[in-house]
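Listed next: structures, encoded as structure tokens.
Each of the two complexes below includes subunit A, the first together with subunit B, the second together with subunit C.
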Partner chain A sequence: MTLEVSDLQVYYRTLRGDVRALDGPTFGLADGEIMGLAGESGSGKSTLSKSLIRLDGRMRYIGGSVTLDGDEVPIWDDQAMNEFRYKRISLIPQYAMSAMNPTRKIGKMIAELLESRGVRFRDTRDELHRRLELVGLQRDVLDRYPLELSGGMKQRTVMVISTLLNPSLLIADEVTSALDVSTQRAVAETLVEFRDRRFVKSMIVVTHDISLVYQIADTIMVMYAGRLAEKASAKTIIEMPKHPYTKMLLDSLPEVGVKYEDKRLSGIPGSPPGLLKPPQGCRFRDRCPLADKQCLEQPPFVEVERDHHVACWKAE
Partner chain B sequence: MRKYFGRKIFVYLLTFFAAVTINWMIPRLMPGDPIKSRLARASLTDATAAEALYEYFNNMFGLDQPLWQQYLNFWWSLLQGDLGISIWNFPTPVTDLIMGAVPYSLGLLLPSIILSWFVGNWFGAYAARSKWLDNTILPLGYVLTATPYMWLALLLAWSLGIVAGLFPAAGSYGLSLQPAFTWTFISSLLSHWFLPFLSLFLVALGGWAIGMRNMIIYELESEYSNYLQALGAPRRLVRRYAFRNAMLPQITGLAVQLGTVVAGALLTEIVFSYQGLGYLILQAIQNQDFFLLQGTFLFIVIGVLIANFIIDVVYVLVDPRVRVQMQGGAK
Partner chain C sequence: MLKFDRVTKVYKVGAFGGGSFTAVREASFEVRPGEVVSLIGESGSGKSTLGKMALRIASVSSGTITCDGTDVSTLRGHRRLKEYYRKVQGVFQDPFSSYNPVFKADRVFAMIRSEYHPGVSDAEWRDKVADALKVVRLDPDQVLGKYPHQLSGGQLQRMLLARALLLDIDYLVADEVISMLDASTRIDVLNLLADLKARGMGILFVTHDLALGNYISDQTVILHRGEIVERGVTSKVFADPRHPYTKKLFASVPQFHKKWDEVEAELRAREAADTSSQPYHLAEGQAVPSELVEVTEGHYVQPFHPRAAV
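And now, the complex of A and B:
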């Protein structure tokens, strides 16, 4: 196991109380695993991915543990986390287009970043050139300013920067959402290639685009309202989902070759519960067609089949 | 590069032309007749002599010609470097009066603008990272920046000048002194300089500090800062980038502020009876001295335009984004 997360709780402190954005997920990430992390807005997927690398100012660590390659990750301690960041846990941010300082040449920025982390730029330069070429970029992007690059070039540059120190865990946060469809595909394939070449050991790909993540992920984990709903291999999730939420989520996706004149796309009626005072029991209860009395109790996240975890009383 | 500066210079020339034209026009819109009021002060008893003198002066200053002719004459002599002769301080050429006043105005303006810019940015950058400083400097900054120049000047002249008696409250140097390169004169010059300088410095300081503090906070929340922090970059590097990028709008701000600061300096000079351009302008208005007014305004216009041009050049040097746009946009 590269990553083990156990009962992690991260809340947002607000004036009206704690927003329980991440309420106790427990899961593991195997060596070499690419895990798609799916869910709608407010499901906690971004909170989870941020928690693993850097809590922002409003987030409070409440409890639980994170272990990377057998070492405890002190996510509550911003200072101690610096040792892990970049070298062992890295991030391709959602905002890759604007992730680079606009007034520094890219090469200079990389050099300053590496030197500040105690890595000799001179020793890394050849590898940097090789990787830039691998993603189809000329070496001379290093002599340019970010605004001289196209969106796709910036995205690829950031991908190379983020993975330069061969982290164990890479978090790719909505990396494709700002790109057009053909570039999305290329970026997704690059992620797989980085894993295959062992630039990164394991990867969490946060997305709301299940169809894209299906193409590259080994496993998919679905979150709902701050909790885990289901985790299984990508194929199982798409073909034989067990959680009613996963089923409805998949039903709301358009399929190629189907005309939606007669059959409207269903969507999921209702909206996710507020997490300031989340309801008792299963949080999907109010929108779930199968819900009954049993669902007033919180369903555990259990392995119903080999490598297939579900948090639902009705999953059979 | 050439295209960029060509366009800039064209805009500056256009601005110059418009500003100078307005400068020429405004004094002539004032009610009253400069020659009459000047002769009135001479209190001539003989009506025919007054009439003759009026004719003479009117002819000499070219005020008997139609307006369009006066306007053309004005440009013609301006291009020859001739700003005319002062009516108020007849017969001193306007150029001489201005040259006598400019060192005093520049001596006030340059140090107050530059020092307040540096100190304000420095304070602002510090305030952005310390809660305690933020809670003290920020309110103070708002008060300072909202203070009218002349009000602060009056306050300082009254408190430090008259009540405490630490500094002289009026004049550019002691009344009994003649300008000379002596220790007495220079120390008198400095003590007279201090209060007007301080009032200009303080008002500008607040604005810079607030601007810098807000920009730094904005830059520290920006996405490149977040990315660096996610990759574990030390605080020092993140702050260095944020500071550098926050400086850019402050440089533009300097260009925009220059006009205001010059206007503020005029009021400050009047409060302290400081013999700079502001003092000349006051005299020119009170005596309806068209030529002196035109001359001083012209000087201010040129000053602001040159300063703006310098900042345009500096901006190209410090901001790669402007540089790239100049070379034909992103590839």
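And now, the complex of A and C:
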């Protein structure tokens, strides 16, 4: 197991109380696994990925543990996390376009970044050149300012920088959502190639686009309102989902080939609960057609079949 | 009928307007009443510019846009424009920035009333608003008297559609209307557009998402760098894409049940099977003409060089 997360709770502090954005997910990520993390806005997927890198000022660690390659990750300790950040856990931010320092040439910025991590630039330069070439960039991008590159080039540069020290875990946060479909595919396939070449061991690909992660991920984990709903292989999630939320979500997505006249899709009525005072029991209860009294109790996230975890009393 | 005839848009660029950039080149297509036309393209393809020109937010450089026979760009004066906007309205991507956050959201209805229905009594207006909200499936108690930040993106977007309904419009320009909405609620707004279509409205549905375009539209227009590369009946364009750019676009869309490689292999196989020369294949060195060529009835493609890369 590369990553083990156990009962992790991270809340947002607000004047009106704590927002329970991440309420106790427990899951593991195998070596070499690419996991798609899917959910709507407010599901906690971004909170989860941010927690593994750095808690921002409003986020508060409440409980739970994170283990990376057998070592405990002290996510509550901003200083101690420096040992992990970038070297062992790395992130491709959502807005890679604006992730680079506009006042530095890219090469200089990378050198400064590496030195701040105690790595000599000279030792990694050859590898850097090789990897730039791999993603189809000339090495002279290092002598350029970010402004001089196109959006897709910046995205690829950031991908190379993020993975330069061969982290165990890479978190790709909505990396494709700002790109056009044809660039999207190239970027997504590069992520797989990075894993195949072992630049990174395992990967969490955060997205709201399930059809995209289905293309590249080994497993898909679906979150709803701060909790885990379902995790299984990508094929199982798409073809045989068990959680009512996953089923309804997939049914609401139009696919190329589906026409309104032939098959009228419908959305999920209602909206996700507020997380300031989340309802007791299953959080999908109010929108779920199968809900009954049993659902007033929080369903556990259990393995119902081999490698298929679901948090639902009604899953069969 | 909203008719685009050889519409071109050239933007002046550079510090003193010395340079120029052609955002749309000689685009011709039509939106008929009771029909959804989806305008599909990547960023920078000119799809939004076309929508803006129909709404007169951007001017037309050459060519004409006519609405039921009237040339849109010749409309002058407050009264003529007001008449036009009673027929054609737009709804845009970001519902939050369409509202003034200082005022309550239902002010958009009040503005319609003072501009277009000044003589209507309070009771009558209330009924009209209630009817419009019913069509977009909103509960008046939940949305009236609220500020924009108290409502969800889906609710705000539906209120904008209700506002358009109060004008009894004939054509709607819907520019990426659902891309900011959550996956579980966006399909409802899409179905709503389909209902409006059934009431006889003509809709220009601007999107970058092929699946959405396919789901809702009768006609599809594929734009690439400001030019229409392929257009026609949606089922024909989707079942049998001809232009290399359209094919590339289809091969890149992530699908369920089918991996990218499979989709690409299918397209390749079909291409290999069909080596015949087509009227829309250009000879080497021949320039790309602006007229599209008919492939089958109601399916047009821009002529291209068969062996050139996109």
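The rule is short, and it goes like this: the second predicted complex is superposed on the first by the 314 of 316 C-alpha atoms of A that agree within 3 Å, B and C clash if a C-alpha of one lies under 4 Å from a C-alpha of the other, contacts with A are read in each partner's own complex, and residues count from 1 in each chain.
Basically, a contact is a pair of C-beta atoms (placed from the backbone, for glycine too) under 8 Å apart; a residue touches a chain by one contact, two chains touch by 3 or more.
Please read all numbers here as calculations on a predicted model, not as lab measurements.
Trainee: When the two structures are laid over each other on subunit A, do subunit B and subunit C clash or fit?
Mentor: Overlaying the two structures gives subunit B and subunit C room side by side.
Trainee: Is A:D7 touching anything from subunit B or subunit C once the two structures are fitted on A? First, second, both or neither.
Mentor: neither
Trainee: A:S266 in the overlay: touching subunit B, subunit C, both, or neither? Say first, second, both or neither.
Mentor: The answer is second: A:S266 touches subunit C but not subunit B.
Trainee: May I ask you to decide whether A:S252 touches subunit B, subunit C, both, or neither, giving the answer as first, second, both or neither?
Mentor: So A:S252 only meets subunit C here.
Trainee: On the A-aligned overlay, A:Y95 touches which partner chain: subunit B = first, subunit C = second, or both, or neither?
Mentor: first
Trainee: On the A-aligned overlay, A:Q184 touches which partner chain: subunit B = first, subunit C = second, or both, or neither?
Mentor: Only subunit C; A:Q184 stays clear of subunit B.
Trainee: Regarding the shared-chain residue A:S41, is it in contact with subunit B (first), subunit C (second), both, or neither?
Mentor: second
Trainee: Which angle, as a multiple of 10 degrees, do subunit B and subunit C span at the CA centre of subunit A?
Mentor: It is 70 degrees after superposition, to the nearest 10.
Trainee: Based on the superposed arrangement, let me know which partner A:D140 touches: subunit B (first), subunit C (second), both, or neither?
Mentor: Neither subunit B nor subunit C is touched by A:D140.
Trainee: By how many Å are the closest C-alpha atoms of subunit B and subunit C apart after the superposition?
Mentor: Subunit B and subunit C, overlaid via chain A, are at closest 9 Å apart by C-alpha.
Trainee: Could you pull out which residues of subunit A sit against subunit B in one structure and against subunit C in the other?
Mentor: On subunit A, no residue contacts both subunit B in one structure and subunit C in the other.
Trainee: Which subunit A residues qualify as touching subunit C in the complex?
Mentor: For subunit A paired with subunit C, touching residues are 40-41, 180-182, 184-185, 188-189, 208-212, 214-215, 238-239, 248-250, 252-260, 264-268, 271.
Trainee: Touching residues of subunit C toward subunit A in the complex: what are they?
Mentor: Of all residues in subunit C, those touching subunit A are 42-43, 152, 182-188, 190-191, 194, 208, 210-212, 214-216, 234-235, 238, 248-250, 252-257, 259-260.
Trainee: If we count contacts the way the header does, which residues on subunit B are in touch with subunit A in the complex?
Mentor: 222-224, 226-234, 236-237, 241, 244-245, 248, 318-321, 324, 330-331
Trainee: Under the touch definition given earlier, write down the residues of subunit A that touch subunit B in their complex.
Mentor: Those residues of subunit A that touch subunit B are 53-54, 81-87, 90-91, 93, 95, 98-105, 112-113, 116-117, 145, 147-150, 158, 161-162.
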